[in-house]
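What follows is chain A paired twice: with chain B in the first complex and chain C in the second.
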Partner chain A sequence: MNVEFIDIVQSLIDGVLYGSTYALIGLGFTLIFGAMEKLNMAYAASSIGGAYVGLGVSVLFSFPLVLIFFIGPIAAGVLSVLVYFCCFRYLPSNNHLAALMASIGGLFFIDEIISHETDGSPLDFPELGIFSEAYFEIEFSDMFLGFRGDLIFVMFASFVAMLFLLYLLYRTRLGLATRAVSQQPIAAQLCGISIHQTNSITFIIAGVLGGIAGCLAAASVGVISPLLVLPLTVKGLIVTVMGGLGSIRGAIIAGLLVGGLESVFLLLRGVNERDIYVFLLLFIFLVFKPNGFFGAEIDRD
Partner chain B sequence: MLKVDDLVTSYGLIKALRNVSLEAEKGKLTCILGPNGAGKSTLLFTIAGILKSDRGSIQFLGRQISKMKTSEIVKEGLVLVPENRLVFPHLSVRENLLAGAFSRFSRKDEVEEDVESVYQRFPILKERYLQEAGTLSGGEQQMLAVARALMARPKLLLMDEPSVGLAPKIVNTIFEIIKTLSEEGISIVLVEQNAVKASAIADHIYLLDQGEITFSGSPDEIEDNDIIKRAYLGDITES
Partner chain C sequence: MNKFIKGLAVSALAFSMSAGVALAEKTVLISGWGAQSGPLKSFGINSETILKAAVDKINADGGVKLKDGSMAKMVYEYYDSRCNAEEGIALARKTATTTNTLIAIGPTCSGVAAASYGVFQKKVDDASDTGLQMPLFTNTAVRNGLAKISQWTFRNTPNEPDMYDKLFAWVRKTQPDLKTIYGGTETDQGHSAGTYSKVIVQAAIRHGFEWVAGPIDEVSGKIASGHKNVIKASSNWLMADTSFSVQARAFKKSKADVYLVSSHPFTTCGMLKELARQKAKPKLMIGLTSSSSAETMKGCAKQAEGMIIPTSFAPVTPEAKAVADVAAANGAAADLHSAAAWENVMIIKDVMESVGISANGENLQADRRAIRDGLEALKTTPGLIGTVTRNQEEGEAFKPYVFVHAKGGNWEVLHDPR
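Coming up: the complex of A and B.
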């Protein structure tokens, strides 16, 4: 296959736009890790689960399909906090392995329920209306680069969600509590902050972000399938590791990067090999840059 | 004001506190002295609700608080300044103070007023209000930890070894601050290893050793008790 430079740039653009959903998922992982120093492996499952609930509810009650994008994230928030109560809240707080195993259990539990309810087959997911038909072309020194309208919308919506998150974290009393708990849990309690309450809220916020990502990802592909869960989990983890565990800007940058690179791998090596190279990235980072881009931020005193 | 009765706290099988009883009076500075590992921090953590007791009662302003959560205890007005300060390292000085006011559902301007009054008490914190707390010196962090606790408008302030790990000159400053707070009428329970300095400002002293209260009395009574004086105050006071 003869790949020209412009094809690579074009794949990179598509990938970076789509990668904003990975950035959202990575943010969710990093938020929860920042709050509890624990990985919530069930996170992508609850995100996709939320999208499924949104789809199911909208179809069942014949709501306008645009409501999926509101019901989905809310449902994902609820699922996420359920995961917190089942896999984190009542386990010994210093036993990180127990929470990890419990949340892996949560991942497969949600995944199996989805497979069971849908007989394992993919469902049509509504596309993004007029955005799906829109297509922009820009001429850039003799190259014509295309921008898919739905992917632009995906990135725009993801960025709005991120801005909302940053506002919550840095401008509200709730955000102050979240940051306080993540930096110094004992002192946070001594300031009158309830750790369990703050953690629940962190899970809800992360869940809603994941639900938005899940809906956007499904909408830009046009289908939703239980097969989305594992790749999204792994890519969320890769993004979190590359960005540096607990780093917000790291997750955003790494998300876009993973999206872009994945798309280029797809172009160069085809769909069967794509993920192999993405996973290789994970190993490269773990060996050569285990703290990711901004990992130092999570160092504690 | 604070009445601890027959308190037992353990880590697994090891009893860190054995039937501890003590009282702190309103407006007074009560001091708990004891060597390393005597259970002093365990005692304060149990009172503040971070650790749960096995047995015994803790009454604060007539209410039983031994089963309450820490966040509820803080709302009652009992606030602990923890050992090693435990400031939020990546929050700014100002955000640390705002976090301290978390328990108060009061209006914003009231919290702002308190921030201002804390700045007046500790001008260095005003100078550094945008700086990350982790970059402050040990003494400044201790001031911030005290200031953060004051933001909760405590009725009783528990202080766990505020002088630990600080240079002698800074230790003097910290004890000046404690003395001033006490003179302003704030009730304080102070846990210290620096027996000489602590007993100089205390109204009442308890000695805690291996989880048990071994002495209770005024600083003068310690002066009169040769054995305890030698064990805890050393020979410095005699020279």
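Coming up: the complex of A and C.
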């Protein structure tokens, strides 16, 4: 098929809309890195794990399916704080490699539990009602640009979650404590802020965000599968690096960008080469712009 | 007290005698493996359920008659090969070398079949080849032309080149207004991509359909010609993909009369939902054989409405209906893959009885060889919807088939070319 400019624009729109889930996952990575200067590789796994728990609990107790979108994020928050206690809390704080390896262990552990409990088979996940059916078209001369209703909802929900996070970080005492621990942990401790308590809360908040992302990603597809875990982990990492480790606005922008570019690569180069270019992007950033878009804004003692 | 002890002793003696009889009861062991976890889990579960039902039926009818005239119960073991080539190879080695398995059934995935057939002896009696020497009779893995890899491997799977050839001939005849085609496949699945590029598109072109953007280089309508170019010209996806916006838009933009969607139920449904969302309305959709299953109806019955697929199983005969009922009663679904497990077990029983096996463990290799020779000698076998002709040289089958279409949440027979 001949690729026209309108096709590229359309792919970019599709990708950017879906990229909001990447942005949410990237935000979680960023939040934890910002607070502890450590990467939580089990983050996407606990996010999808939360969505699974939400689905399981709702089906088991015959709850209205809409409750999945509340139970899922809460469960993801619980899983996330469990990861904190298992992989970070009791490891020497100056040993970054140990925490990284422990969280990679956590990733595979959660992934294996999901695979074991579901036999690795995809499960139906409730779609987003009328949003799933909705499809909006805008006409340009004789060409159309289409917008998926469910992805618009996903993007809207993601932005609400991001705004809530920003409010939490910059308008509350909890946010102040988190930023203090992230920027000057020793000074924060001297001021009476409990580092471990703040880190636990950061993991819970990041987990809830991830749970929202996990539920929205599954809902936009209509199924949830263990196959979602590794791609989300990888995309989340790429987003975090591109945005700049620890930068919240960087994670948001990079998430949308990765989603958009991934979709354009798919259009231009086909499905078999799509991920090559996304990984190439990561490589380029690591070599030529290791601080990402906004890495320079991160400052700590 | 004495009475109690005497009673206990008599009971113990009776139990040990009955156990002795049970231990002495002869058995013939068949093994099976298929995907019972992962995205294709339902294929393995359906196959095992129907395999078990077939074994139960044989045992209820008295079992398998051995060379010495005695009867043996048929027993089976089933393993999860997870649609993983290494797992399939390991299971083939394990069952062939550490169990008394006389013949195996499986696997589910064509990629696993292609890899595991390679560890069997290529040619019988080749002393220089130390490959496995145990017959393997596949019911599911359907990618074209695999069984010839080894003379120990046989398949009872539909002949897709023939099915799609007849399907497009029939479409050409009944709907002459349809002229152009466009499609896509999941490129990381051997069966989906292979059948799409080497069989489906070629069959369509052979019967006068035109690729919507003009001829594809090297594609002549012959099986496998220019298949790489077919993949390149199409809009494809991967089995783990979750977003189909770009691909569906390419389908819609093509304005083709016929859409070809060659993938398994999981992604077929993702693609069909996206096509429906974008209001892409072809005049006809043709799908992959493996999608003519209950999973597609469960996942996207509404969006699949009208899709046509050739299949080697439909409940169109009393025997086929009985197997479909047995499967449903056990929570499984009979389709072209799982129903073949029933046929395989029945064929195996007939072959064992016709060649005469001892099933005493001491003559294990001789029994395996006799079963292999017996399978190879078969010119026809009874099938659930008609007689199956066998290609003795390649170990493949020509199964009767029908064309089904999705209608009202079910696969209904649209045309019966038998």
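Quick note on the criterion: the second predicted complex is superposed on the first by the 295 of 301 C-alpha atoms of A that agree within 3 Å, B and C clash if a C-alpha of one lies under 4 Å from a C-alpha of the other, contacts with A are read in each partner's own complex, and residues count from 1 in each chain.
What we mean here is this: a contact is a pair of C-beta atoms (placed from the backbone, for glycine too) under 8 Å apart; a residue touches a chain by one contact, two chains touch by 3 or more.
Everything numeric here is computed off the predicted structure, so don't read it as measured data.
Student: On the superposed three-chain arrangement, identify whether chain B or chain C touches more chain A residues.
Tutor: Chain A has more residues touched by C than by the other partner.
Student: Please work out whether A:M143 is in contact with chain B alone, chain C alone, both, or neither, and reply first, second, both or neither.
Tutor: A:M143 contacts neither chain B nor chain C.
Student: Examine A:A188 and indicate which partner it touches, taking first as chain B and second as chain C; both and neither are also allowed.
Tutor: first
Student: Examine A:S115 and indicate which partner it touches, taking first as chain B and second as chain C; both and neither are also allowed.
Tutor: second
Student: What is the contact status of A:R173 with respect to chain B (first) and chain C (second): first, second, both, or neither?
Tutor: The answer is first: A:R173 touches chain B but not chain C.
Student: Using the superposition on chain A described above, determine whether A:Y135 touches chain B (first), chain C (second), both, or neither.
Tutor: Only chain C is touched by A:Y135; chain B is not.
Student: Considering only touches as defined above, state whether A:L266 meets chain B (first), chain C (second), both or neither.
Tutor: Only chain C; A:L266 stays clear of chain B.
Student: Does chain B (first) or chain C (second) touch A:L286, or do both, or does neither?
Tutor: After superposition on chain A, A:L286 lies in contact with neither partner.
Student: Under the stated touch criterion, which partner chain does A:L163 make contact with: chain B (first), chain C (second), both, or neither?
Tutor: neither
Student: In the superposed view, which residues of chain A touch chain B and also chain C?
Tutor: In the superposed arrangement, which is not itself an observed complex, chain A uses no residue for both chain B and chain C.
Student: If we count contacts the way the header does, which residues on chain B are in touch with chain A in the complex?
Tutor: Within the complex, chain B contacts chain A at residues 48-50, 69-71, 74-75, 79-80, 82, 86-91, 95, 98-100, 102-103, 134, 148-149, 152.
Student: What residues on chain A touch chain C, complex-wise?
Tutor: So the residues of chain A touching chain C come out as 1-2, 7, 10-11, 14, 18, 115, 119-122, 124, 132-133, 135, 146, 148, 217, 220-223, 225, 227-228, 231, 263, 266-267, 270-272.
Student: Okay, in this complex, where on chain C does chain A touch?
Tutor: 36-39, 41-42, 82, 187, 213, 232, 235-243, 245-247, 249-250, 253-254, 266, 269-270, 273, 277-279, 299
Student: Write out the stretch or stretches of chain A touching chain B in their complex.
Tutor: Those residues of chain A that touch chain B are 173, 176-177, 179-180, 183-184, 186-194, 297, 300-301.
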